[in-house]
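Next come two complexes, and both contain subunit A; in the first it sits with subunit B, in the second with subunit C.
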Partner chain A sequence: MKFRVDRDVLADAVAWVARSLPSRPSLPVLAGMLIDARDGELLLSGFDYETSARVQVPAEVTSEGSALVSGRLLADISRSLPAQPVDLTADGGKVVVTCRSARFTVQTLPVEDYPELPEMPTASGIVKGDVFANAVSQVAVAAGRDDMLPVLTGVRIEIEGSAVTLAATDRYRLAVREFSWTPEKPDLSATALVPARVLADTAKAFASGSDVTIALAVPGSGTGEGLVGFAGISGGTMRRTTTRLLDGEFPKYRTLFPPEQQTVARVETAPLVESLKRVALVAERNTPIRLTLGDGQATLEAGSSDEAQASESIEAAIEGESLTIGFNPQYLLDGLGALEAPVAQFSFTQPTRPAVLTGLAAADAEPNTDYRYLLMPVRLQN
Partner chain B sequence: MSEVSGVWADLVGQEPTVAVLRTAARAAAARLAAEAAKSAGEGAAPSQPAGRSGMTHAWLITGPPGSGRSNTARAFAAALQCERQGCGECTACRTSLAGTNPDVTLVRTEQLSLRVDEIRELVRKSAMSPVGRRWQVLVVEDADRLTEQAADALLKSLEEPADRTVWVLCAPTVEDAVPTIRSRCRLLVLRTPPTTAVAQVLQRRYAVSPDLAVFAARASQGHIGRARALATQEEVRARREQVLSVPSKLRDLAGCLTAAASLVELAAEEARAATAELDATEKAELERALGVTGSGGRGPRPRQLQAAQKELEDQQKVRAKRLQRDALDRALLDLVAFYRDVLVVALGASAELVNEELRDDIERRAHANRPELILRQIDAILACRDAIAANVAPLLAVESMTIALLEPTRR
Partner chain C sequence: MFVRTEATILHADLDAFYASVEQRDDPRLRGRPVIVGAGVVLAASYEAKAFGVRTAMGGAQARWLCPQAIVVGPRMKAYSEASKAVFEVFRRTTPLVEGLSIDEAFLDVAGLWRIAGSPVDIAKQLRRDVLEQVGLPITVGVARTKFLAKVASGVGKPDGLLVVPPDGELDFLHPLPVERLWGVGRVTSGKLRDRGITTVGDVAKLAEPTLISWLGRAAGRHLHALAHNQDPRPVRVGQRRRSIGAQRALGRSRRTPEELDAIVIALVDRVTRRMRAAGRAGRTVVLRLRFDDFSRATRSHTLTRATGQTEEILAAVRALLATAAPLIERQGLTLIGVAVGNFDDGGAVQLELPFDRRSGGALDSVLDDVRERFGSGAVTRAVLLGRDPGLSVPLLPD
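This part shows the complex of A and B:
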């Protein structure tokens, strides 16, 4: 194996693949990055049995072949190289990296012990990278972080033709985002539960590219079941990644949204966030902030009577009955942040029932129901 | 009974368990086939009541040390991954047995307990779909070493299993597993394999002479790993011989103290012999995985190397300690077997002697001592094992044992 490759192209590609390598490999070969030089291109692969990553970059290949080397080390080396063409040569049990006057020798791992990367699932469709990244970030905020409740650490993906729904919940809040995409087959119907952390990282990695291909298994197809795949062109190189799905029953979330509403309040998001941050300063750990809506005002209060107290009011457009409700301040902040809208709309039924947040482009606009954030109230002590 | 082949071939003398696991593997395969047919739209899956009852998602394999708990678990894992339910030849079988199959996770500890974070990681994994198209098998080889916290973490996953995840837990006895865990698993009990079966495997696999095979099988008392070591390693046989020379050295107090010191040193030596090579291999593997070339060179060093090396060294230290304890325990069991042989002869029972080659000495003791004394000697050794298990300093415990073993007629 012998090839020459552009330094930046190599460093980017290696860094991207190295991201998914395990920091504590269960088998030594899993710390490896597979370098596969073929006709005019280079394939770099990493796999830790959960997530696989592969990138395809152009290279001047003088001799085809493959080698397995420590991925972290290759990442450290390629990052440190000067901006000059890089030559890689396999030589016995070593790979020699040269770039101008820099020369590194890296020991190889046994290629024959390296596992085969999983195949990409077959059913797929395309969405814009930034749309997808944005949707995922809005939903992932509500995903659970407790590995002992694995199902709640996932983002549920539901596909019905051209409609995609993402949902996540940690039992205290639920975020649901809908967007449309272009499926390869118009009648595609599929679901998947993807670990939220991996999904968020992946979506971010594809955000700058134009299109992302999302690939899911058609049940019973036998290929790629239990996996989700993503592919896209980023930094001029073709990248693909697969990750294992969570197995388990995601809560039936659609019925959690209350069918009717008693009180609807619209508040400008930015001032509300500012007030909330200030008032939350005096809220003791794990105690709620109190939100009162009435008389054209949203009032935030926190703190107990004998310790520090805070209270702020801002203007609000309120329809329906007045109401006082308690929220976990961080969860409320997360939701207001995820709306990404200048105006937030709160819909309530009762102080003991969940509230629903939606975003509006302006105070008199229609709420954008593509994104809904449902937040459980916290019982208030008198 | 059908001939035992493929991945089951080396599970010595465990025919009943093998039969249960083969049925389970077939039922599991039938379920996969039925699911595939169903989702491919070929109508409703044929009902498989018998097949379904053969397979379950959680197993507890118990059996005395060396009976092959972990080999049984691996063989079962291989049979679940294999298209032919354990042919022993395909990639799925080979990788499952070797512990390199993406869908087979083997957790064992060389520490004294399984940490809760290791189990949490396993529980996280257990919620995932398999990488391949069959099952994800999670094998916990030392379920007796689960901390209470770790057992709690595991319990949740056993209660709400993912569809394609199979747990296989191993422990010496069913009492070693936490009751709540035990009640959620299907129990399989391995027996101590018969001497003849062990001897046959030794001859077949390691081509040792029939005499040596029978000796090793007998001396190991059904512990397969120990039998293999005795059959294939001269120095293991030599160490055992030294252990069994201890009773003849217990003539006076000084002799007792010297013998105690030598027992502890023998165990340390055995642990060193077992770890030295392993330690070096692991260090080399780690460095290789992190890409360090040569030694002392000026090659690049990844940043996490030092931390990883430190962690490895710590683990190796703990392992050395555990191996030393295990080696000492084995020596004590050899001594128990010796005194039991004496008791067998003293009582005129016609059981097979473990230490047939020491028959002369055994008979002499059997005639010189009353059975009550011999029983007290056996108790003294068992008490020493308990003391060491309870963290009494090994030398102290062994000294008090050798003194208790002194026979009054020689005082």
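This part shows the complex of A and C:
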């Protein structure tokens, strides 16, 4: 194996594949990155039995062949190389990397022990890279991080024809985002539960590209069952990743949105976020901020008389009864941040029932219901 | 720090509480040695204490020391009622009552001069009221600090009143044996006595660094301050518990894992019901174990969020018990306890989205209501049917 490749192309590609490599591999070969040089192109692959990643980049291949080397090491090396063409040569049990006068000799791992990467399931449809990345980031913020509850560490994907719904929850808040895409078949109906962390990383990697192909195996089709695949062109290179779906039943969330509301408040998002950050300074760990809505004002308060207290009021357009409700300040900030809208609308029923957050383009606009953030309050004493 | 100049703190301590209640309710027991508790001695009347019988002593040893003693079974409900009645008297005396346990409390009577007279008069009246209204003897220590008041009631027992005047504090304190100081147990007492230190006065003569070098930083400072009569702590009302727990002595017989599971279920039920009644939610679950050789171990787990739900706390306790299983197998278990602490400040609870309408929270509150209305035994788990629920010791309200 012998090839020459552009330094930036190599560094980008290696970095992306290396991200999905396990930091503590269950088998030593899984720490490896597979380098496969073929006719005019280079394939770089990583796999940890959960998630696989593969990049295809153009290269001047003099001699075809493959080698397996430590992915972390190759990432560290290629990131640090000067901006000159890079030559890679397999030589006996070693790979030699040269760039200008820098020369690295890296031990190889046994290629024959490396597991075969799973096949991509057949393509289900196509979505714009930036739309997908934005939708995923809005939803993933609500996903759980507790590995004791694996179902809640996932993002639920529901596909009905050209409509896609993403949902995630950690039991305390629920984020739901709807967007449209171009399905392969107009009557496609499918669901999947994808690990939120992997999905967020993947979507971000495809954000700058034009289109992302999502491939969801149809149950009973044989290939790629229990997997979801994503493919797209990003930075001039072809990238694909697959990940194993999570098992288990995602909570039935659609009925959780209250059908009616007692109080609706509209507040400018940016000033609210600023006040919230200030007032939350005195909210001790695990203590809520109190939000009071009434008389055209939203008042935030936090803290206790034992330590420190803070309060701040901002203008709000309020319809319905006035109310006081408690929230975890970080959960509220997460929601306001994910709205990505200049005006936030809160809908409440009672101080112990969930509140719905939606975004508006302007104070007098209709709420954009593509994205909804359902937040459970903190029960206040007295 | 504000230091009082007058002796206005009362430490009121019921004498041989359980035994006194038994003697009050059964005239045949009056004036005779009484032991409460057939296995371990839970309480002994002063007549029995004269023979060397002590609380927590084994039953066989107690009967050997005092063969004529009358042994009675405990009646926790009666003690709980008596305690409530006594605390009622405390609260009628002054609003500033800091309960330490069901049978003792600090009372601050500063500022009651015009209404009720001098602290000594109030203390006398308090003793009369407890005897007349509840029928129990109580000893009261009166001093300028909590520490001195408690020492005074200890010295004044039984059925006494001891006042430590502000100008006689060191004269009172220094001749006392070191064991009277708070925090001096068997080990510290041994360390001090090995060095010829037998009285509080001996401790007061030592420099603080010397005490620290013998006993460690915390204990050294603590004893130095106490021996010099420094104790600025005020009487606090409504001090909230930092943890809520329950435990069960198991005796020497080996328990199967199923029996142990049933025992922790009962303990968790009891603890979580108390937590919910007090409106508290905790994050840290602690399992306490005592083994055949009296050595102890604790295992704890901190949850991602505070809870008062039986199911969640039981799951954590079971996981802790499972990890401790090899240790229990090897060393034999004689006591098991469950406690929940690390309470959320202010009791604010992050609510969960109602995914599952059959969630534990709803079941818990229904069971709490049923037990509140029809008694603790009205509804129980099938696994606990026919099992001895163990003693439920009366406690101060949470």
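As a convention for this text, the second predicted complex is superposed on the first by the 378 of 382 C-alpha atoms of A that agree within 3 Å, B and C clash if a C-alpha of one lies under 4 Å from a C-alpha of the other, contacts with A are read in each partner's own complex, and residues count from 1 in each chain.
One rule holds for everything that comes next: a residue touches a chain if its C-beta (ideal position, glycine included) is under 8 Å from a C-beta of that chain, and two chains touch if they have at least 3 such contacts.
This one's a predicted model, so the numbers in the text were calculated from it and none came from an experiment.
Of the two partner chains placed by the overlay, only subunit B lies in contact with A:Leu246; subunit C stays clear of it. Counting residues of subunit A touched by each partner, subunit B versus subunit C, the larger count belongs to B.
In the superposition on chain A, contact is made by A:Thr169 with subunit C only, not with subunit B.
By the touch criterion defined above, A:Glu284 reaches subunit C but does not reach subunit B. In the superposed model, A:Arg379 makes contact with subunit C only, not with subunit B. By the document's definition of touching, neither partner reaches A:Ala133: not subunit B, not subunit C. Those residues of subunit A whose C-beta lies close enough to touch subunit B in the complex are 23-29, 31-32, 49-50, 69-70, 72-74, 76-77, 94, 104-107, 109, 113, 115, 118, 147-148, 150-151, 153, 219-220, 222, 225-227, 244-248. Those residues of subunit B whose C-beta lies close enough to touch subunit A in the complex are 36, 38-41, 99-100, 102, 105, 120-121, 123-124, 126-131, 133, 153, 156, 160, 162-165, 285-286, 288-293, 299-300, 302-304, 308. Those residues of subunit A whose C-beta lies close enough to touch subunit C in the complex are 146, 169, 171-174, 251-253, 256, 284, 286-288, 304, 326, 328, 352, 354, 374, 376-381. Those residues of subunit C that touch subunit A in the complex are listed here as 279, 304-306, 344-356.
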